[in-house]
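The following pair of complexes shares a single chain, subunit A, combined with subunit B in the former and subunit C in the latter.
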Partner chain A sequence: MNALIEAHNLGKWYGEVIGLSDLSVNFAPGITGLLGPNGAGKSTFMRIIVGELKPSRGELKVLDMTPFANRKLYPYLGFAPQQDALYESMTGYGFVRHLLRLGGFTRSDASARAKRAMEQVGLQDAMNRPCKGYSKGMRQRTRLAQAIAHDPELLVLDEPLTGLDPVARRQIMELFRSLAEAGKSLIVSSHVLHEVQSLTDSIVLLHRGRLLAQGTVGDIRSLLSSHPREVALSARKARELAVALVARPHVQRVELVDDENLVVRTRQLDALYEELPGMVQNLQPGLRSMKSSDANLESVFDFLVQ
Partner chain B sequence: MKATTHTEIYRRYGGELRSRPAVERILGWAGLRMAFRRKLPALILFTPSAITALVGCVMVHLRFMLAERTAEAEGRAATLAARGIQELLGDTAENIHRFIQTEQFFALLTLAWYGSHLIAEDRRLSANLLYFARPITPLRYILGKWLTALALGGLTLMVPALMICWQAAFSSPDWIFLKESSWVIWRTIGFCALWIVVMSSLVLAISSAFQRKGLALMCTFALVFLVQGISLVIVQVTGNPNYGLLSLIENFQAISEWLFHKPNIGTSILRQAQGLGHQPAWNIEGSFWTLGLITFLSWVVLWRNVKRMEVIA
Partner chain C sequence: MQPIAQTFFVAGHQARQLLSSRRFWMVVVIALLPPFLAHLTVDPERPMHHFAPVAVLLSLNILAPLAGLLLGSTVISEEVEAKTLTYVFTRPIPRVSLFLGRWLACTLVVSAVLAISGAYVGWHADQFEPASFSKPSHGPLPAGLAMRFVGAMVLCGALYTTLAAGLSTTWRRPIVFGLGYAFVWEMVVANLPGSTQRLSMQYYLRGLLIEPSPDSFERRLPPFILQAEYLPPLDSLTRLLGFMVFLLIVGSFTVRRKQYLLSS
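Moving on to the complex of A and B:
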């Protein structure tokens, strides 16, 4: 069997609210990014994977087992929810150890594993401090520590990079990579495309509880090649820059917002990015900023659901 | 550089786990440890209980000491004085009964304070997401939390009451307390166990219904004291003392009187108002049924809320 997770026509609804709708998807071993805007159904899907939620319809197999209320699956799964979940008065180490004990580890084994997990997430210096003094990033890392502490085969991580500073983010990404290299599989949810893109090529896109796209980032990006994109530019000589830009064949439209701001609409964003440095060098328009207003994941979804 | 991901087939977990970890004990112990981590509330809540127990022990000891002195006293005046003080102190069963009546209040404060956060805090923090991703069933989760509540109730009511019994046993000449009044010990244990089981179930059920500890705390006190007040009003209006069965306090008072065959020291306002004096206003079975029903309903609420926690973040 190559698929870690197999979902067939999976559905979950909360009364009249649809969490997941007719989702059929397979997850291969390795790192998979589960992407989608807020409310896409990522957390619902993750909670179904770890067996906390019962699907309203359809079938789900995780490591060949039905996950709902299947406590036998626990040793193979590590789950880090996006919710805080830490007891303020417990130390980070104590919290991880407590959860390991509840999972069935002996006192000494739980202590050793908790210590190792806290070291893995870079919290060895703060592990004996109560969680109430932890920053958002430290809390996030403690949640990660409890997920990896029992050495599971599959890690289900709900927004694990939220709240981390750039240094911590890099450390955690390195940890994810090392876990993947060690043979673990990870499902990492996020609503930020580039975060996941730096970790893996394999992504699953959800939107409004439905599967929107699955595959490599390149495949999905190619779907967008014909989608016009807008880039906002701010320059001292915006008018001169607008004249130069409008002459380019791939540029569909240039809108001069005011004397110093303009918005360019293009069918080939990559071409624009390649040509812009040359224009700036020739015209010296005093370019101050450049922002692709629709380069985020939300706009990808907007395009895909059209 | 992009990370490469492996494509090998997953490997089965090779570690060793206990097939049936003592989840209840671990949860219960963790709850107690967290309760005592904050020193000030522990000091405020347990000190009155400890002082009351100490006073109870001293009174019991004094009573037996004076009884011994009276037997040895030769002068009529000395005998009379010793007897007078003895009467003032009351007998041992009365002392223990009196102690339990007072201690119930402190035990309620402690249990409500600590117990109200036991499940509410998990709900607020969504710690249940982590618990139920582990081999923990809702029942074992409830039992773990209940163990903490039982331990807190035991520490504030059962242990101090047994300390007084212990003191009485050791202070009484020729172990006369154990020989003649051992029923006091068993009934003390019985009453304390009943109180702890009922109140801990109630407090946990309330805790499971809220996400905020403060709300759970207020609801606990409202349920105990407000219902007591309401039942008093209903009794006054209708003239039917059986409405006193609605009140937890009245039911516990009736049972303790029945168990110890002693009138309460601070006779209830309800009975005074009714001119019933120390006589039980209703059949004692009614109190047991009421408390049983409250416990049953508490467990129904608790079970329903914890089952919901299993599926709702």
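Moving on to the complex of A and C:
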């Protein structure tokens, strides 16, 4: 198997608290979004992947190696943790450079790489300032810089977009895309789902330490045949359209938002799409727009964790 | 870099960090106390009379252990507390090198500061030619005692640094356990009469200073210290070094295998 990461029946518990439970999942090369609400086990899983924690049971291979405290793995691995911690008295550049030196790079190489990494995350102007004076976004970018500075094969990024302003967020997402295009693999955890969705189609959903779903957003949607879906319609005669829709057997509910907007909840989206053109032709309700509000990852996620 | 080079790299970095830390200045203040007291309380007629309590009771029993514990407790637990351990533990460097490098830096810094402190106390007491030799406690310092005192200070600092470093691989607040050990356990055990004193590090540290000859330093020490039979200095030194190596082995083993939970 060509998976970057292979987990089999992985379990991790802290006393009586379950961090991960019977998790079997593979990660393919490219960008993968690791999603789940707070407490889902994303950070625990990432810490096991980077070898900071040992699984309580099961097996994990990262780049075909057992990760715990495995220094042979670390040249190929970059990790940006979630916790907001840096060496406060050092400059951002000094921090990244020091970690590169720890990784075995020569002084000149470490200096050049640290400078380049700080530029990549857009911190070149502030890189010689002490970390203790950095804003939350700058600290986040410094954490990313130390993760990418040694040019690893696999980047494990725990909530990497937290604390970034919209401009920086876009810049960092561009960086992620360019790293992926350069052949790097990224695992990006988040609970801000639209960010991950715009970054990748490949997702792993965790909930309460268990694997909830894995695949593309489309794959997961196709699994949800019984999932009631909602379609928002905007029409001049919304009330008449609502009356017609509510008579259909597959329609569960019609909510009239106002005189011109309604939301239809159906068990068979395909049937609704087939019937709607005929209804529009007959009723002439002045349909202006139609939008499936739950076609995005957010709704899939909400449904799955219910 | 090879593991040994990595150890020295970590040590160099850690030493630089330590020198700008608050804890270092606390250690400096602690180390300044014996010279200050020696200067303040010395009686030129009876230098030994003051050297003994300042050297043994204050420096070796209290201040050097405290200095060692203060810096040694930073070795691993400081990074755990600051939640920066992740960065160093996900680099291609053995965890043992990180532990030993940081321990080495702390030990060197503590040893240097305590050596200067001890050297001043010893040198200061050695300056005076007493007028009267009528009582044992009025005599000059025995030959070589000042040097042995400096050695004992350095070793004491290194030992307690190592103890705290070992504790820091397991507990988040090693200083609490270290202080408990140094000032509850050792204070009691090291000062009980009889062979129970052998269960303390202080017993062996005193053994570095006390020679079993009738005119030596031992005759000027407080009686409770003299209620034990001391090993020859070389034997004491061997046992102390052995204990230090044992602590380092336990610390290295722990740091290699332990999972450190850094809650976010």
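The rule we apply is simple: the second predicted complex is superposed on the first by the 221 of 306 C-alpha atoms of A that agree within 3 Å, B and C clash if a C-alpha of one lies under 4 Å from a C-alpha of the other, contacts with A are read in each partner's own complex, and residues count from 1 in each chain.
Simple rule for what comes next: a residue touches a chain if its C-beta (ideal position, glycine included) is under 8 Å from a C-beta of that chain, and two chains touch if they have at least 3 such contacts.
In this text, all values refer to a predicted model and were calculated from it rather than measured experimentally.
Once the two complexes are overlaid through subunit A, subunit B and subunit C clash, as defined at the top of the document. Once the two complexes are laid over each other on the shared chain, residue contacts for A:Pro277 go to neither subunit B nor subunit C. When the shared chain is aligned, subunit B comes close enough to touch A:Thr200, but subunit C does not. When both complexes are overlaid on chain A, the residue A:Leu154 reaches subunit B alone and has no touch with subunit C.
Judged by the touch definition given at the top, the superposed model places A:Gly104 against both subunit B and subunit C. Contacts of A:Ser185 after superposition on the shared chain: subunit B is touched, whereas subunit C is not.
Among the options 8-16, 62-70, 116-124 or 170-178, the segment of subunit B that ends up inside subunit C in the superposed model is 116-124.
Taken together, the two structures place residues 43, 50-54, 69, 71-72, 74-75, 77, 79, 81, 83-87, 89, 98-99, 101-104, 146 of subunit A in contact with subunit B in one case and with subunit C in the other. Every residue of subunit B that touches subunit A in the complex is listed here, in rising order: 2-3, 5-13, 15, 17-21, 23, 26-27, 30, 34, 37-38, 121, 125-127, 129-137, 310-311, 313. Chain contact summary for the complex, subunit C toward subunit A: residues 1, 6, 9-10, 13, 17, 20, 82-84, 86-95, 256-257, 259-264. Listing the residues of subunit A that touch subunit B in their complex gives 1-2, 4, 28-31, 43, 47, 50-54, 63, 69, 71-72, 74-77, 79, 81, 83-87, 89-90, 98-99, 101-106, 130, 146, 150-154, 176-177, 180-181, 183, 185, 197-202. On the side of subunit A, the complex with subunit C involves touching residues 14, 43, 50-54, 68-69, 71-72, 74-75, 77, 79, 81-87, 89, 98-99, 101-104, 146.
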